[in-house]
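As written, the chains take the letters A, B, C, D, E and F, and residue 1 is the first residue of each chain.
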Amino acid sequence: MTTALTVLPATGTLDFLSLGALIHRLDPGPVPFRKATSCAIHVSGGEFNTAANLSDCFGMRTAIASAMVAYPVGELIATRVRAMGVTPFYKMFQHDGAWGPNMATVYSDRGHGVRAPIVFYNRSNEAAALLKPGDFDWDAIFATGVRWFHSGGIFASLSETAAELIIEGMEAARTHGAVVSFDLNYREKLWGASGGAKRAVSVLGRIVEHVDVLVGNEEDLQKGLGIRGPEVTSKSTLDPTTFIGMIEQVVERYPNMKAVAILLLWKRVSVWCMGMAQSRVKLCWEP
Amino acid sequence: MTTALTVLPATGTLDFLSLGALIHRLDPGPVPFRKATSCAIHVSGGEFNTAANLSDCFGMRTAIASAMVAYPVGELIATRVRAMGVTPFYKMFQHDGAWGPNMATVYSDRGHGVRAPIVFYNRSNEAAALLKPGDFDWDAIFATGVRWFHSGGIFASLSETAAELIIEGMEAARTHGAVVSFDLNYREKLWGASGGAKRAVSVLGRIVEHVDVLVGNEEDLQKGLGIRGPEVTSKSTLDPTTFIGMIEQVVERYPNMKAVAILLLWKRVSVWCMGMAQSRVKLCWEP
Amino acid sequence: MTTALTVLPATGTLDFLSLGALIHRLDPGPVPFRKATSCAIHVSGGEFNTAANLSDCFGMRTAIASAMVAYPVGELIATRVRAMGVTPFYKMFQHDGAWGPNMATVYSDRGHGVRAPIVFYNRSNEAAALLKPGDFDWDAIFATGVRWFHSGGIFASLSETAAELIIEGMEAARTHGAVVSFDLNYREKLWGASGGAKRAVSVLGRIVEHVDVLVGNEEDLQKGLGIRGPEVTSKSTLDPTTFIGMIEQVVERYPNMKAVAILLLWKRVSVWCMGMAQSRVKLCWEP
Amino acid sequence: MTTALTVLPATGTLDFLSLGALIHRLDPGPVPFRKATSCAIHVSGGEFNTAANLSDCFGMRTAIASAMVAYPVGELIATRVRAMGVTPFYKMFQHDGAWGPNMATVYSDRGHGVRAPIVFYNRSNEAAALLKPGDFDWDAIFATGVRWFHSGGIFASLSETAAELIIEGMEAARTHGAVVSFDLNYREKLWGASGGAKRAVSVLGRIVEHVDVLVGNEEDLQKGLGIRGPEVTSKSTLDPTTFIGMIEQVVERYPNMKAVAILLLWKRVSVWCMGMAQSRVKLCWEP
Amino acid sequence: MTTALTVLPATGTLDFLSLGALIHRLDPGPVPFRKATSCAIHVSGGEFNTAANLSDCFGMRTAIASAMVAYPVGELIATRVRAMGVTPFYKMFQHDGAWGPNMATVYSDRGHGVRAPIVFYNRSNEAAALLKPGDFDWDAIFATGVRWFHSGGIFASLSETAAELIIEGMEAARTHGAVVSFDLNYREKLWGASGGAKRAVSVLGRIVEHVDVLVGNEEDLQKGLGIRGPEVTSKSTLDPTTFIGMIEQVVERYPNMKAVAILLLWKRVSVWCMGMAQSRVKLCWEP
Amino acid sequence: MTTALTVLPATGTLDFLSLGALIHRLDPGPVPFRKATSCAIHVSGGEFNTAANLSDCFGMRTAIASAMVAYPVGELIATRVRAMGVTPFYKMFQHDGAWGPNMATVYSDRGHGVRAPIVFYNRSNEAAALLKPGDFDWDAIFATGVRWFHSGGIFASLSETAAELIIEGMEAARTHGAVVSFDLNYREKLWGASGGAKRAVSVLGRIVEHVDVLVGNEEDLQKGLGIRGPEVTSKSTLDPTTFIGMIEQVVERYPNMKAVAILLLWKRVSVWCMGMAQSRVKLCWEP
């Protein structure tokens, strides 16, 4: 982490390119899903959301590389991607009408009072999990000028080929001078079904070697990278030195890392410790 | 078809038991699905609908034998089954939170003017396709008194074990004196993915050997059983002799058959030719 | 209260049977009712809600004994009772199309800020008020095995025959070994129109003589049973000894009582003092 | 019917005053009521609708004399009466919070295809049925100048005092020179519960003696006044002479009658035979 | 301010008459307007709201003098004015179908969390801005007995003729003995486009000379009248003497003023300092 | 019309570019606007709709040149333009918060039975009317390859500068080899307010001189271009020779015209007479 983060000038076509799965989320609002009679259909995706919000809120020129299925759910999703101002790079799949490949579904309700929100998926035969190295012409994409490349741990967990595709994209990004970031976004349920915690640490460890900027919360660092976390007692006082300790571990292991951002929740407001400030930088640490 | 159809007296616990898959249908109403922002959630299933409507509209005591997954979509479906007054017999499955087994989804919109309605599925890793002989204690179920047993071609198409389960249920039904009916409900898309038209004719042919009352439209009989249909020219005049000819072919092949009902559409109203009258019997033919 | 509460083993068909009125609630949401243009239709009932929630949230096998009218509002209510998994025992009434007997209506809005919620009824010619001893075959019902019998003060207030029916049901319950509980649920408006506070104390006093477990808040005990309540000064500190004092008065008057639960509101959370814990037992007192 | 219909000049305050019950209608739209989860709340009333539509569509200055209950349903209704531009004359009643007196409820769904629409009421303890002669200061109302007074058979059926109030209002109207009209609007269900068909003929017969303009369909005239109707065979050809024959019977019996309007349905469009044209006068007959 | 405020007895026809613009507000609810797909249509207006709420909440007999356009948006607004029980005095305008004159539109969303609510207008070619002295027959209106006349700063800002109309109305009100009140309601955006802050102070200064009761918050007094406000330091302690000082300045400048009410926000609750109590009078100051 | 219509190969960036105003349409659905309490917000525009539908339904690469205002209504519209897959070329305007410049509003309801649909506008201070020659860099736009350029009569009517901009765009299009089309879309109301029928014929006549393909219905040709139309008697038989006659007049006057398409309504289905087939070409006429 001896080198400062260098971002290319805005002379190319894209400020930001993300790689990940696009999903549709069924949201019955305040009604618990098990009692729902209707639901709103949202379009989302851990990796896509970064591109969508940088475009919609901050006016950046962003793009998503993803799988797209030629059927009405896919068209619905593609329309929303356009509406958010995000340029698509799609590997197309045909739907057989009954079994897929599918755009994954996320079911979520909002909880109410003591009733917790519930989130679950139907990712069976998901098109994004079929993505593999070679599906995108990275050189052509990066040749138009891309300043930042991003992916995340949800996409990494979907399949072995998805993880390899992330690495392929990161290597192309570095070759073309783009900053590379990764959001660990550790989901026990997803890794559990595709090889378990052990595979997660191995796969994520390989990916993070290509990363300039790492994003995650405390649990992501512990479960996704095997970094030792803070003592429970220090948690309640939100002692920043604990988090600085975790970041030091990451930098020691990945000496090319340029910034690490840890998300904390403090009095119900998200704050960032170290580096990349999404909302408000509370501490800035320079190795 | 020399023996009349004999239905047990209503001294048992059930008038009607159906075997099939339960699904949830996402319905955006008049908006095409590819432009939907919300949808109603209905509970349906080709085989279940018979049990639900006989209970809800005619006050009959009906039941459904099906697969049920212990997760919110399953609970939503089970609640609606109860609301329709249908007694459930469930083989339970656990959901892994991400890939299933799932309660299948049907996406459908209603079309508008020249735009046709669109129907497609996500049946990937569907719990009902995992059902197999031995999953239900038929003897215990029929011992309480069941007058009629029903299944259909959608469920038959889901997997080889589903088709075998139908035959197992029919054999138990006949042993206990219940009438056995089957709705061919031929869906090219579903059979196409699980062996094709050839397998359909072979599987459906074996099932129909156990049937007292067969239901279907002209296309079902042709594609599902390989029965020769009417000439196109006679269609427009809706000549009943053509349909009588089809029924004669069925009876010739399956001599134990007691009734065959063919659904016709005549001036946008469904009418039945021969036997079982769902709405209005137009012709009654006794061989 | 020298004998411990004994609950039958779960070998029968029902864990819990409630007796009371079923109503439909018209709810315009955040809009005040006087400005509403539409409303949701909910199904409810003080006594029914216990059976519904024990079934829906805790998976218990519960039932409701109530009046049901053969008209669309009744069918709507019966469908929701089934959906909640509650077994119905209905005394049926025919509707004359214009004056009843009716399933009662509750109108309620939610209030907003300084505007308080408003609740009022149309219970005119309510079928449940016509219920009377002899309407249910208690022996047949309890013979299948029922562990707990419950009723409440709303139903008791509807008519003299309703109160007598409660006592008849409690006597049958005790004969068959079921625990008997009663929720005082004192509603001044309902008693006011059917004899006033004096009749309330007389009727409720007779009912409570048959009760093992009594539920109520401080006001219920004072107005429904004439028990002396806590001093206003002690209220603010939520001194549990005051409530213990009220419970001691109840037990002194009804020596067969096995448990008394008083609902308190403490920092906007409901807590229970003494015995039956709905959410969180704060104190447990054994006489 | 030798005298022409004379309408006062528009120099007074009101073109039209109607007397009848105000109701609220719960309308779940295309969903059958027994399956409704929400409904729209409309304000209506057979006699009120004439005043509301003459004001809203034709800009006339109209009023309603009715019962009003001081509770949220009443306020909701009074707001809509104002919104329609109809001046209210209310006899006020207080609501006891639980049993009434109530503003009556009409439940109605719209039917769909072969499923017919369903309409039923909760008129139990309806305030309008408590209206009686003396409740309105007719002389003060008519003194401001009223050109037309109207009432109808739904209100007449509610109670004996309601029918007497209609006659009292009609007598005051004639004294002040207003035209008097009456819509028979015969509802078997309502008369059935309050004395039956015989009482209907007797009560309506007395009312019609005070009427200048009588409105009704064929069935109203037969069942409400005992007038002999057309032969079934002539119906299909919609022979106007048949209806002229019915009108002749009415005029013979009530020689002061100035116009009779019979509503026919012809090819799904309402047409009027004889006199008062609501939509399109097809025939005009002068005795 | 030596004379007490004298309000006429309630023997006339109106308790309160307000003069101002009627608008329709498009409200997408919690969704930001830029992402809205639908919106509720409300009827509002700074000056109208006082008349509407005094009628709807407190049962007062109120009226609005305003511009009304004969087109569907106007009819929608007029219906809501009637529904609120407010008597209208309208100067009518004809709409050309495309450019106006228009009833103004307010677009507003509610914000959410850190996202602030957004309010903006389409007041282009607004009918209310075309109102001018002579448009209302004040003498005829006040001759029926009006106890209080009110207008406000939003209407004053719309055009020079609107401001002159306010003064004309106030003079007529004083002639007929009505109390005259004015709500400064200073909107920088509206004054900015019609002459700027300087014109605001000049116009408002002339209007306030005719006022008995002045309403405003601290910013209104400073920007609308050029009154010196409190020091920022004293603000946080909400020192009432500061506001008394502002009121003293107003009274010194306008010696006929009888009451001044300053709206404060204290712990998110609106409180009034001095005189006219809308919700809760905290201080009452008599010069 | 001796030269065939030549369309450039699809080697450029756009198949179709339209020039016109973008509007938002407020649609209360089946409720008449004057009684609406809410409305859907649609994005539309006579000229934009061609680009939107060619993109959304037929997958063409289309664009719109228009005015855009930097405020929430503008952002809402821009999002929908992106969602439809239409590339925007915007001349930006700033909104003053109260008077504009505005994105125009169209109010429309759908009618019901005998009640006709109602359409009216608020186009006061509309940004699109401020567009003028020089606002777009046509050479840069066409240099990327555009096959077809389109505009229409609604935009032409908005202002003199809008009409001049159409001609400027058409000249650039012809220079770059793009086909030029124009939809007369004659709206009496819009021309009436901006110079009347006489100006319409003069302006439209000048525009049509630059057009290859002219679109319109019979009334458009008569009122917009002053072409003599068919006799009323021939209308009912839908005699195509009448329309051929109208087309002959157009071609005689504008000899460079390559195709004329007249829209007819025949048995409630739109059919096209001559040339350009939107839905179904009924006749094809080559001069």
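Rule of thumb we're sticking to: a contact is a pair of C-beta atoms (placed from the backbone, for glycine too) under 8 Å apart; a residue touches a chain by one contact, two chains touch by 3 or more.
Just so it is clear, the model here is predicted, and its values are computed rather than measured.
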{"item": "Chain-contact steps, minimal, separating chain F from chain C", "value": "3"}
{"item": "Both-way neighbours, i.e. chains that touch chain B and touch chain A", "value": "none"}
{"item": "Same-residue or different-residue interface between chain E and chain F, half as cut-off", "value": "same"}
{"item": "Centroid spacing, where centroids are CA-atom means, of chain B and chain D in whole angstrom", "value": "51"}
{"item": "Inter-chain centre distance, chain D versus chain E - centres from mean C-alpha coordinates, in Å", "value": "44"}
{"item": "Touching two or more other chains - residue numbers and ranges from chain B", "value": "37, 79"}
{"item": "Complex contact set, residues of chain F against chain E", "value": "26, 28, 32-41, 71-73, 75-76, 79, 95-100, 102, 105, 107, 109, 118, 120-125, 189-190, 192-193"}
{"item": "Residue ranges of chain F in contact with chain A within the complex", "value": "79-80, 82-83, 85"}
